[in-house]
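Naming follows writing order (A, B, C and D), and every chain is counted from residue 1.
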Amino acid sequence: MSIASKANSLWEYANPKKFLTTTERVLPFFWVSSAAFLVVGLVWGFFFTPDDYKQGSTVKIIYLHVPSALMAINCWIMMLATSLVWLVRRHHVSALAARAAAPVGIVMTLIALATGAIWGQPMWGTWWAWDPRLTSFLILFLFYLGYVALWEAIEDPDTAADLTSVLCLVGSVFAFLSRYAVNFWNQGLHQGASVMRAGAITGTDTEEKVSNIFFYPLLLCIVGFVLLFIALVFYRTGTEIRARRIKALLARERVNA
Amino acid sequence: MIALLKRDLTLAFRAGGGFGLGLAFFLIVTVLVPFSVGPQSSLLSTIAPGGLWLGALLACLLSLDRLLALDWEDGSLDLLATAPLPLESVVTIKALAHWITTGLPLVLAAPVLGVLLNLPVPGFFWLVVSLAIGTPALSVLGTFGAALTVGLKRGGLLLSLLVLPLYVPTLIFGAEVARRGATGMETATPLLMLAGITAATIALLPFASAAVLRVNLR
Amino acid sequence: MTLTVTDLSITRGGVPVLEGLDFELEPGKALILRGPNGIGKTTLLRTLAGLQPPLAGTIAGAEDTVAYAGHSDGLKPTLSVVENLRFWASVFGARDIQAALDAYGLNDLAERHAGNLSAGQKRRLGLSRLLVTGRPIWMLDEPTVSLDRNAVAMFADAVRRHLGQGGSALIATHIDLGLDGEVLDVGPYKAKPQPIDDFDGGFL
Amino acid sequence: MMPDLGKYADTVLSAYAASLLLLVALVVFSILRGRKVRAEMEKVEQRMTRNG
């Protein structure tokens, strides 16, 4: 198969029926593998890694905190991408995937915030500090809420898809702006830099900061979270497709009656 | 375009137009601040710049749900959409009218309310400057939110939920200018950022607002 | 300016309502839309006016030529009759509103606030707006609602004069206006139900 | 088997409990809603085919 025809075939999955049959086939793989990665990663991290010399056993929270924080951001990026696909190519599956992903993103953001707060309590002596990173996540959470609320509020599904897509676009710009504004607003009050630097797993200084003992189980957990995210989004998109179909069928019933 | 601006301003100033409500709200919020945090003048002057910015922002928010909803209900928006005026201009004019009737009075009233909150003397100038530069962005962003929720029966609360996160950068930089100004610190950087955000918002967001409005009209 | 509609399909709330519409509206002609409630006359007029995109087909000659009058008149209750009319005139780049006031007998009401008008008077004001748009193609959705017999005659006269000046009108109405226009019954164009196992179609 | 979590035991355990609870709740609610919607779609489809 040539690359060109492969690229073409990607759009075939924009056909809802094709999407449903394909995801139905691959979903068990994603459920099982995400569970496997998560169990191995978390068990390894929880039971078989040593305590950090400075943070004690709280370092074990990293296996939940970092992957969920990563997914919270990646989920929004995915929603931005699918929103753009909807606006440009009008594939319904794309818009519904964004809708299906949003609650997953909310939960990921919540986990990141909750573990951050619980972790921060013994480390910083407070549940909540207006640290730039924490604050950015709180703002991201608000954007998620608004996005979901807009989907829920609008009756007509195409109108809802259009409006939420534009909101996602504009929201992305402002979430990004907020990130820098927040950095500017509270620079240097950073406590426990090692904690948060470890959080920046994608950063260049990762390897020195998080030693390999912590890094490998963390990697497993990240992969597990990614797979779980994919499984959840596939499954939930299927649900949204069916809900959309019910709506369309009922609308047609009303018109034809 | 000028006709639309003139009409919106006339409507706002006539009875029932709601002009001054935002201002009164701003006054009340400011008066409530000392009641909630206590009357110590040192404390009040610390929170005065931020408190006034927050009050102004909320007062701006208050009138947003009428911004497009009235024109939607009486069919004016349908007719404007079929008029020679592009919708991008319509939403820009609407935002401008909102700023003139809500934002501008807030800017002018802010120094008076600053006295109530014991704002340090150097802060007055910077408060007015930051509000004057920041509030247009609030109106334009609010118009976008109003365009998103215009077709909804009870869009008011949703509108706040959608618009408030978008207000974060403007609030941060605007209040930062006022705070730094009040304590005699350098204000150029946040002021520049604030002006940049406002300029970019005014230049780009009307396209999104118009696109969203078209979707809602169909 | 001739309005040409070819193979037009339109949707309401995502469901196709009318399909395969073909017609032409030449200058000086009026076309009366007929059809039962809910068939999609309003949707058709809104689509032709450019307020919503068609599902399929083309509309030619509707660019910046259409004056649309829907169920609501776009009036501001706190503005006077003259102010309301003058606003729409300047939006459409016209100056003179006297002809519009004359045509619908609004001179005596000129300084009255629109909020104090009766339903029929409001409607007359709403229809007089068409005269200040200077647009050749009128699209009117049930224009005679709440008009008395006298006012209906004013309206019919206004349409006749408009047609005489080379304009055209597309009117969805159930009463006889005494215009010599063709009648287009949209009933036969009702969209056929799609097969329900057509999964993709179920989305549109 | 349980590792010695020292003085931070509460912290670590509550973080794990909260996260896993949220994750499980998300998965369970997703699947419950998925089942419900799937059943409803089949019902509507059947009704539509019967009634033509």
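To be clear about the criterion, a contact is a pair of C-beta atoms (placed from the backbone, for glycine too) under 8 Å apart; a residue touches a chain by one contact, two chains touch by 3 or more.
Predicted model, so just to flag it, every value in this text is computed and none were measured.
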Enumerate, in label order, the chains that touch chain B and chain C alike.
A
Pair with more cross-chain C-beta pairs in contact, given A-C and A-B:
A-B
Could you put a whole-Å number on the gap between the CA centroids of chain A and chain C?
48
Quick one: chain A and chain B, Cα centre-to-centre, how many Å?
32
When the centre of a chain is set as the mean of its C-alpha atoms, what distance in Å lies between chain A and chain D?
16
Mind checking the centre-to-centre distance between chain C and chain D? Centres are C-alpha means, answer in whole Å.
52
Where in chain A do residues touch two or more of the other chains?
245, 249, 252
Residues of chain D touching 2+ other chains?
45, 48
Check: chain C positions touching at least 2 other chains come out as 196
Would you mind writing out the residues of chain A in touch with chain C in their complex?
15-17, 92, 156-158, 244-245, 248-249, 251-252, 254-256
Across the complex, what residues on chain D touch chain A?
1, 3-9, 11-12, 14-16, 18-19, 22-23, 25-27, 30-31, 33-34, 37-38, 40-41, 44-45, 48
In their shared complex, chain D is touched by residues of chain A numbered 42, 46-47, 51, 56-58, 60-61, 64-65, 68, 103-104, 107, 110-111, 114-115, 118-119, 121-122, 228, 232, 235-236, 238-239, 242-243, 245-246, 249-250, 252-253
State the interface residues of chain C toward chain A in the complex, per the touch definition above.
13-15, 17, 191, 193-194, 196, 199-200, 202-204
Which of the residues in chain B end up touching chain A in this complex?
144, 148-149, 151-152, 155, 158, 161-162, 164-166, 168-169, 172-173, 176, 189-190, 193, 197, 205, 208, 211-212, 215-216, 218
